[in-house]
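As structure tokens, the structure follows; a few thoughts come after it.
The first chain written gets the first letter, and so on, giving A, B and C; residue counts start at 1 in each chain.
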Amino acid sequence: MTDLRVESLSKRFGGLRVFQDISFDLPAGGLLGVIGPNGAGKTTLINVISGRQPATAGRVILDGRDITNQPAYAVSRLGLARSFQQTNTFKSVSVGENIARAIRFGSRGAPPGLASMLTDFGLMSRQNEIADKLPYGLQKILGLVMSFATSPRILLLDEPAAGLERNERQIVDSFVQRVRQAGASVLIVEHDMDLIRRLCPRILVLDAGALLADGPPAEVLARPDVIAAYLGEEAA
Amino acid sequence: MAQFLQAAIIGLSLGAQYALLALGFTLIFGILGVVNFAHGGFYMLGGYVAYSCVALLGVPYPLAVLIAVAATAALGWVFELFLLERLVDDHLATLMLTLGLYLILSNGLLQTFGPLAMEFRFPVSGAIRLGPVYVPQENLIVLAICLAAIVALWVVLYRTDLGRGLRALADDRAVAMAQGLRPKLLFPMAFALATGLAGLTGALVTPILALSPGVGDPVLATSFLTVILGGLGSLQGAALAAFAVGLVEAFCSVYFGGSIGALILFVLVLLLLVFRPTGLLGRTVRGA
Amino acid sequence: MRNRISLFGWPELIAVLLLSCGFFVPMFTRSVLIYSVLNQVFIGVVAAQSVWIMLRMNLLSFATPAFMALGGYTVAIAGRYEITNAFVVTAGAFLVPALVAVPLGALVLRLRGTYFVLVTFVLSEIVQLLIFETPSLTGGSDGISGVPPVTLLGTDMATNRQVLQFCCGIAVLATVVTGGLTRYFRQHFAAIEENEILAESLGLVVWRYKALGFVVAAGIAGLAGFALVSMLLTAHPSSFAAAIAVDFIAYTIIGGPTSILGPLFGTGALVYATNLFGTHGQYAQGLYGILILIVMLVARGGIVGTVGLLFNRLRGARR
């Protein structure tokens, strides 16, 4: 059974092609990494799949149901949640209120394992603190936990480790494992190659809006065209 | 036929006035992202400054118009630099600030000059025969000055470094700043340029129409209308829409009377805002 | 974690209690001036609450006069057909604008920020022009005069005292509705105000709450128009000019947008000041302008927010 299937998805802004003809499957319980140089269209891919921006062509299918261009709230209510690259919380209210809103707006009740996640990530003891006053890393982790608090079946993570300290990145590993233990599949867009190698059995490589490679990291990252795409970025 | 020509000429001369107002308004929105609720206030202020110079100080009218332009531009510059600049990225806050300024301006003028209309006449009168119709000379003079001002504005915006800087800021503030343009310097200038245009229009037009503390409200409404029709932030759109609005108003008042023309325009604007916020010309504009 | 829903909090309770004091004013005074000021306050509070509901979702609305006109003219036209029952006309004054707001909301709520402000301004201009263009229904530029007073349980609300108490009742009713709505959906409105994109991606159906707010705000504005017409016994286009939206926005912003007490204290303070400084309020607009600048530049919480801040600071200092 396939949970999420993306078929020939394309996105343009006016004359600017962001990505074209992207296809992949994310099976139930699966874990998929998406890498690519800056400007490869990774964040826009998440935006289009999650209904934040309309697709130009192609389809997004969730459990056999076409959800292309459904509004973001509808996609979320069907069980496909996403996190944001920048810290994204309700900044003026407490940690507890942030989590309460995520649970309430998600309308499927709190997922199993949420309480232990909050305790272990150090959020439970700070539940009365205002989100904006937390250290940056913890704000970012709060944003991740909020996306999980909606009880998704599929979670799209947009650079979860960006801006985190080295020791905080362990929390992202732990977060992804716990989300999968709760039965959800995960797609991670990430620049931290170590993290991708540690976590993902399979990765997609996006370059200049096209799907360059799809396979296990050891195999894919050894391919000359993939190396060239990354070297190109470093040279620029 | 004579009636038709008469309406067309009135429409064109209204259009030229609206264009001056709308160009300033859209300049401010395009460059600063600010909706200037005080635009009608600057128009009024321009009229009263020119009136005071002529009636109280005995200054010749052309010089009085220049003083009015300088005064409104200076006030715009100071207001932008010291107040608006602090909150320039907060749309609702800047809107409230300009609204506050408008209330202060219009009330200040009311307190100073009283509620009655001023005895303020254009120095030239009489009519010129153009084919079958007579056209008041003052309308032709105002039309000529407005058109000259529009051309001058075009030259400033498209042929000088200042204009290139302003347009770059309107296109993409982040990119323009990365290229070394300084909004702190250019924003007050853009605002002053726009308010100076409103002051010029006020000084030119109030002697023909009317000068009283209430004249700012309809000016603001017309500026809204024109700028939305033309596409918020678009200069060419604003200029074209201004002439369209002027002509529609002139023909409707000649052939239908009452406020049906205004009603049609406002409903058109409502539909445009909802379905095509980029205006009739469809140029992409900055998000709000 | 906490997920308690309550219909009423302290600010809502204080607002209702304060407004209810209006019922007892006639026991102490018969001053026409005091009655007139209080009526202005009641009408202003209701209209400001209509602005405030939308401001809870970061939408600044200039449409209040449009919906006030709908409510006011509904009552005036009902009076022509001798429909004066207080419950019927109150329901009509709320429901007619609210129903009109349903399709309008579907159109204008697609817009955000500056564009929403502009479209609501245009809406008020359109309603004003429509009144002029439909003289057979609305009396055109003459308006509808001689509107019969409403009847409550068989009594005409005709004396100064009765009009005052009736306006007071409308203000209390509007506060209960506004307070109930914004308290019940506090989390939703606050989430939309602060981060609409995040709220939507968590699954909140944002348009539903915006539409609900818009419709209720229209109904509340209708009640304000009703109160205005029942005080003047006239429905006149000048009472609903687009420019008066500025007054209600000033009341809300200066009072403070964070709590329902904001529009209440803002209206009370500004209406009082207007009557204090000039017999015909000729300084009022300039005063509003100066206060708006002060609030935007140095005291974003308005009266209520600033008093709250000072109170907390005093309490902190004592510890």
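Here is the rule we go by: a residue touches a chain if its C-beta (ideal position, glycine included) is under 8 Å from a C-beta of that chain, and two chains touch if they have at least 3 such contacts.
All of these numbers come straight from a predicted model, not from anything done at the bench.
Student: Looking at which chains touch, is this a line, ring, star, complete or other?
Tutor: Chain contacts: open path, no cycle.
Student: Specify the chain most distant from chain A by Cα centroid.
Tutor: B
Student: Per-chain Cα mean versus the mean over all protein Cα atoms: which chain has them closest together?
Tutor: It is chain C that sits nearest the middle.
Student: Roughly how many whole angstrom separate the Cα centroids of chain A and chain C?
Tutor: 43
Student: Any idea how many Å lie between the Cα centroids of chain B and chain C?
Tutor: That gives a centre separation of 32 Å.
Student: Roughly how many whole angstrom separate the Cα centroids of chain A and chain B?
Tutor: 49
Student: Can you check the complex and tell me which residues of chain C touch chain A?
Tutor: 1-3, 187-188, 190-191, 194-195, 197-206
Student: Can you list the residues on chain C that touch chain B in the complex?
Tutor: Of all residues in chain C, those touching chain B are 58, 60, 107-108, 110-115, 117-119, 121-123, 125-126, 129-130, 132-133, 242-243, 246, 249-250, 253, 282-293, 296-297.
Student: State the interface residues of chain A toward chain C in the complex, per the touch definition above.
Tutor: 50, 52, 71-73, 76-77, 81-82, 84, 88-93, 96-97, 99-107, 127, 146-147, 150
Student: Would you mind writing out the residues of chain B in touch with chain C in their complex?
Tutor: Per the touch definition, chain B meets chain C at residues 29, 33, 35, 83, 86-87, 91-93, 95-97, 99-108, 110-111, 217, 221, 224-225, 228, 232, 258-260, 262-263, 266-267, 269-270, 273-274, 277, 287-288.
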